[in-house]
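Quick heads-up: structures coming right below.
Same chain, two partners: chain A is paired with chain B first, then with chain C.
Up next is the complex of A and B:
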């Protein structure tokens, strides 16, 4: 952020001189992370597993597997084990649910707790920044303070931020938020058993999850429907009802949020990196380099976006890339390839402006290499412009992915995707099973509205003079999906 | 540089763009992992038929010669034929059959977007920070965020149910003329329109109304994204113009409110809307795939989608080329409009 001068103390010493605010903050943080330590470690365990899988010969695979198992046994606050909701009615009371509550209430407690926890962590981070600003930062004011103040006065942007946070929390805590798990309900329903209270025999029976699913699908007619906020015949609670095949819709929606978020952020991240790198190169060298990139980006932008996506997904349909993460990896790659020209276009102007500045000449004459000049003296200046454009593009990507999945070209089963859910429920919209198509569509609308609002807020905070140009509008559109 | 020189430069720039865009298409089709011949033959693969098609498509030639052949044919509008979805039919015939429906759809969605989006945006801009402004702005933003395909599904359901919901008071299907909700428009009356109009004007008008009603829901959905954009930009543009100095001057001179709005504000606020309106071409082409699928309109988007999922690669190449031409053409149109409307273009460099 800023360079150190010899007269100033490093951050560690500044904390040592006035340790109290930092200690309080660290203590709160230790509690917050402590209650979720198991989950945090599990993430590292999963990462270790991925790395081991990538290495030739799988060294230490067994060790990692046993490590993962032992990590799973560490209790965490917002987990299914602490607040279970998958119990059953034994005729007089609920068995196996949190405090003997009904499955719906137990699920609601966990849902609320997840969000409370997430917002507590965010509040803690915000408090940490404020403590740093008040007690430890060397200067009283930086331009970033103004950006934050402008954003705090931007209620439309704050609305967007809250929606965005709720969406991200849903994606991150997907396994804990759903009333059941991917594994039990969607991937391997015939490997798990549930107990339920049979009204006819008035006793507790068991059934395979897969069988229960068949008996609780939503396919229109009165009996064949499990609507939002209701129980099915097997005593399982479904906040969003069930899909046509009886699988829990809410679980699919939260995992669908995960894949949408992954695709949107990764594609815009990669496209942003390409765009930023090219903007640096074209602004630094100008002339021929600029001409070539102008031509390439104009040509890619002159292709109809949705058509190219469809074509590429068809062309790569039977390749190994298509199989990775049910198509998500391929989609991310395609999106990065077609989106970088838009980002490059958006930051080309600012990059050219900064390349004309005196400090660039100064850096050059000090003998800094082109790479150093671009990285240290040009990139930070245009980065915020890229952030504006990227945040405004996220919604469009989410809509495009949903659209492609609706056409059965995007994310394939078993990974749930919102667009595919809409396609599944399409023929039942006029029936009592309207929820299958309706809810995911409303959520897409809500999330995209939120992301666009957040993007507007970021734009107005970073660059108050910016005018709403064609570029941004094109970004938020999603190519018409 | 004068304005027209600038415009000519933009036109010349579009030639390499078309070439490069078509090259990308060629690279995807020919260098991608999908073999056109096995895609065409599908399950009925046998070596002889494969060899036959290979020769017909010229796939035995070296790649560079295939490339030049591909480019030469497209640029001389020798568009080839379909191999899978309508074997033997030339692409030209297919486009002749399918394009009118998409053009009809596009025409109405542009019109709806223009005549709803811009007035709403200007209204919101002229009355900023009033409840109706908030309502219009928020409505536009939400409208824009709705996925087209989902909106189309919901609209189809709503329209099909109108009879039941209003207890038979209003039924979309039988309103004015009898139509289905999900249907391609019947555009027969456009064949020699003058003649049939002379013969039976009542019948012709009836057909026109029918075709319009058939396309209206699809056009509303397809126009939705652009409508939201036009509203937003229109609002900002009017707000900026209202606060500019020359409007202040005009007001001080005593220009009446009506003249002020129409002559000084409206015209200048239209300038930033030009790229949004021409940019609709992108949204319309992409959106047509989804909207035509949901509304069962067999237009160009539907044709492209079916050609793609059936592996009709030669037809896809042709269609892609046509789409590129349409989009580049719209870009040139945009520059042309800018050159006429905005005197500032080209002065800066």
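Up next is the complex of A and C:
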């Protein structure tokens, strides 16, 4: 009888009986979230702003605006205000930088801190899972435990995971990681001033950012180049050097990561949902439903992907859809529409396989509804296959977006995009300004490799018997650009 | 003598028991989705029987005979093509909505493969609780308690609630499946080969469990199996299926002692005898069952029946010759089923010989070393002539008309055998013919 009462307890009571592991975990979590509370609240503030904007008449717009202002003033650990790197040399020391360090060192401190913080949060979450598993979970073992254990022994997959995490952190913390901000350096460079130490006059002068940018572009010649890890004439540090127009390359790269990641995850997310839903329906009902979807997907798949993208983007060139999020919304819609057949095709087989299992008949026999049968008895088995295919396709989409931007069709300027950076710097590859094309190019390769490795890892973890060797197809599918 | 009286008493009680399930001329055909040709697989081809409350009816037959399809049709997992299935007097083949949902409570199924019948991503508790959730049985708390009780009922432990099916052996997993079937307190459970995937030692335990549960909850079972020993052990009555038809149905003891139908005869003679010293007359059937797309016009068993009725003029024909004729008819039947391949068609268009020909060799092989009367051989040559010209159908018709009997022409009806309501599908039970048992006797000796 004692076992009965024990297992009957809800989670809250189980924690109350053995509170120590949960309390330690919660305390660490409070500290971790506390130091970034301002940023978290700002996200909610921004969301509130969006919602107010959507409501007719913008009720309480002023309140939201003042709320956003006050939220901005809350200091957070890894923000530019706490660890500033934009100062100047006044002849004897640095003014305005963190602890009087050089701008390069101050930026490095912030950069390292961002990644340290991100990995600390992930470690905290992992620890939380382990604590739950050890102390509070009612089952000793689930099939998912084996998946996680297998993934932990898969070094290629872990390499992919780490690359993926670094890429995601770069995108999420883009404003904090860059040596300067989008607004100051890229969008409105003539609205902001910087101070710098003029060697000739030996005094601190001021200049508009835009003017400084013109003087520090990388155009290939020796004196017109700001390479990686160097200062320009205005005392600004550029970790990746500058672009042709003198704007900071690193800032553009991190914000470019943001837009690439958004497009890739949203497109694959929508395409995956469509593909999964259709896979469930076709596998459950078979016959006519299957044939209709086969016809639809074959029609879409027979179109050359990159041609469709170019055509659609040209057709929608001057419409309002093209304006949303610098063209990203349109790209997301097109990608989801052309990618779902690939995902559906990839998971149709497993879906049909699971639909033949006796437990589906068992569920039907006691009157389970078709929707629940699909959700409880079929989707969990197919979802993992979808995850594998999605992670492998992400790389393809990132390449495609970069390819479109390279052709000047994708994300509109001045919003930074990796493909456009490569196109801009292409003519300087063999010159001292090689970094403009080279660095984004290497990063794309690295991220796509990482995502593929991650996908391989998930596949091997989920299905140890699955045969390997077709991981190239997904990346190549979208990589026609 | 005492056994006879108890058997008679049993027969009497059976009469008085109410009928739980009544199946009338049930047919389940599978369309193969072809747009033009409609030649369905006749998996269940006109089956009638009934099951009394509290009884166990065994359903046996070779694999592919339609017994699982019959079970699935009764379960409404397949739609019946024709006929009716009455549960407690209501026809369930047309139920929908709330009535169908109620039916789903009253009838449950235990599946053959314990590996495939339990969703591996759910805990045992969730699996057994799902039927209760679907039918919103009482409160969630009471449902959890009921699942715990059920786990104990089927011989598992309460703390198995939070385990996954992976952590159990085959027998234990079958117990979980049984617990799930019991959850909604059904009247009627269809057991689709519940023990055939298990070790022999475990089989006995599960069978005993099923018997105990039947007694405890007053359950009615339809026990589908191909293991005759198991059926004899657990079933009150047995139905023997062949090619979508019930060949014989009746009390199991009587049927195992003295099978009436020729097919039952053959089937029972295939049970291995543990005692090697007993002399046995094993009947080996020739050939394979015909395709359920193209079942024989008369008796379903007519193509393989060792005691098939002969036409009067051939009654005195040598047994060996008669058997070869039957084999020849089967050869033609098989050949007519084979679609000519593309290369065959090309050869035919070019006027070359297709490899399908070679009737001469076939005839030589079948009848070469036998002394065949000339009249018979003429008929055979005539039929072979048709087949040579790629018209197997005409050859088959010719042979059927010449050598066919009532078995080939007319579908037998179920005739009463014995005094306990046993029915058997065979022309030989009619008065004008010898009983199958008599003929078997003469065949063996």
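The working rule: the second predicted complex is superposed on the first by the 463 of 481 C-alpha atoms of A that agree within 3 Å, B and C clash if a C-alpha of one lies under 4 Å from a C-alpha of the other, contacts with A are read in each partner's own complex, and residues count from 1 in each chain.
Here is the rule we go by: contacts are C-beta pairs under 8 Å (C-beta built on N, C-alpha and C of every residue); 3 or more make two chains touch, one makes a residue touch a chain.
Just so we're clear, the structure is a prediction, and the values are computed from it rather than from any experiment.
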{"item": "First, second, both or neither for A:245, with chain B first and chain C second", "value": "neither"}
{"item": "Chain B versus chain C as contact partner of A:406, first or second or both or neither", "value": "first"}
{"item": "Which of chain B and chain C A:381 touches, first, second, both or neither", "value": "second"}
{"item": "Greater chain A contact set [chain C / chain B]", "value": "B"}
{"item": "Chain B versus chain C as contact partner of A:296, first or second or both or neither", "value": "first"}
{"item": "Partner chain(s) touched by A:230 [first = chain B, second = chain C, both, neither]", "value": "neither"}
{"item": "First, second, both or neither for A:262, with chain B first and chain C second", "value": "neither"}
{"item": "Chain A residues within the chain C interface of the complex", "value": "3-4, 7-8, 138-143, 287, 357-359, 361-369, 372, 376-377, 380-381"}
{"item": "Touching residues on chain A, where the partner in the complex is chain B", "value": "295-296, 298-300, 302-308, 310-312, 314-319, 395, 399, 402-403, 406-407, 409, 419, 422, 426, 429-430, 434, 437-438, 440-441, 444-446, 448-449, 452-453, 467-470, 473-474, 476-481"}
{"item": "Chain A-facing residues of chain C, complex", "value": "33, 72, 75, 77, 100-101, 104-105, 107-109, 111-113, 116-123, 130-131, 134-135, 144, 148, 158-159, 161-164, 166-167, 177, 180, 183-184"}
{"item": "Residues of chain B touching chain A in the complex", "value": "13, 16-18, 20-21, 23-25, 28-29, 32-34, 141-142, 144-151, 153-154, 156-157, 160-161, 222, 225, 229, 232-233, 236, 240, 272, 275-276, 279, 282-290, 293, 304-305, 308-309, 311, 316, 319-320, 323-324, 327-328, 331"}
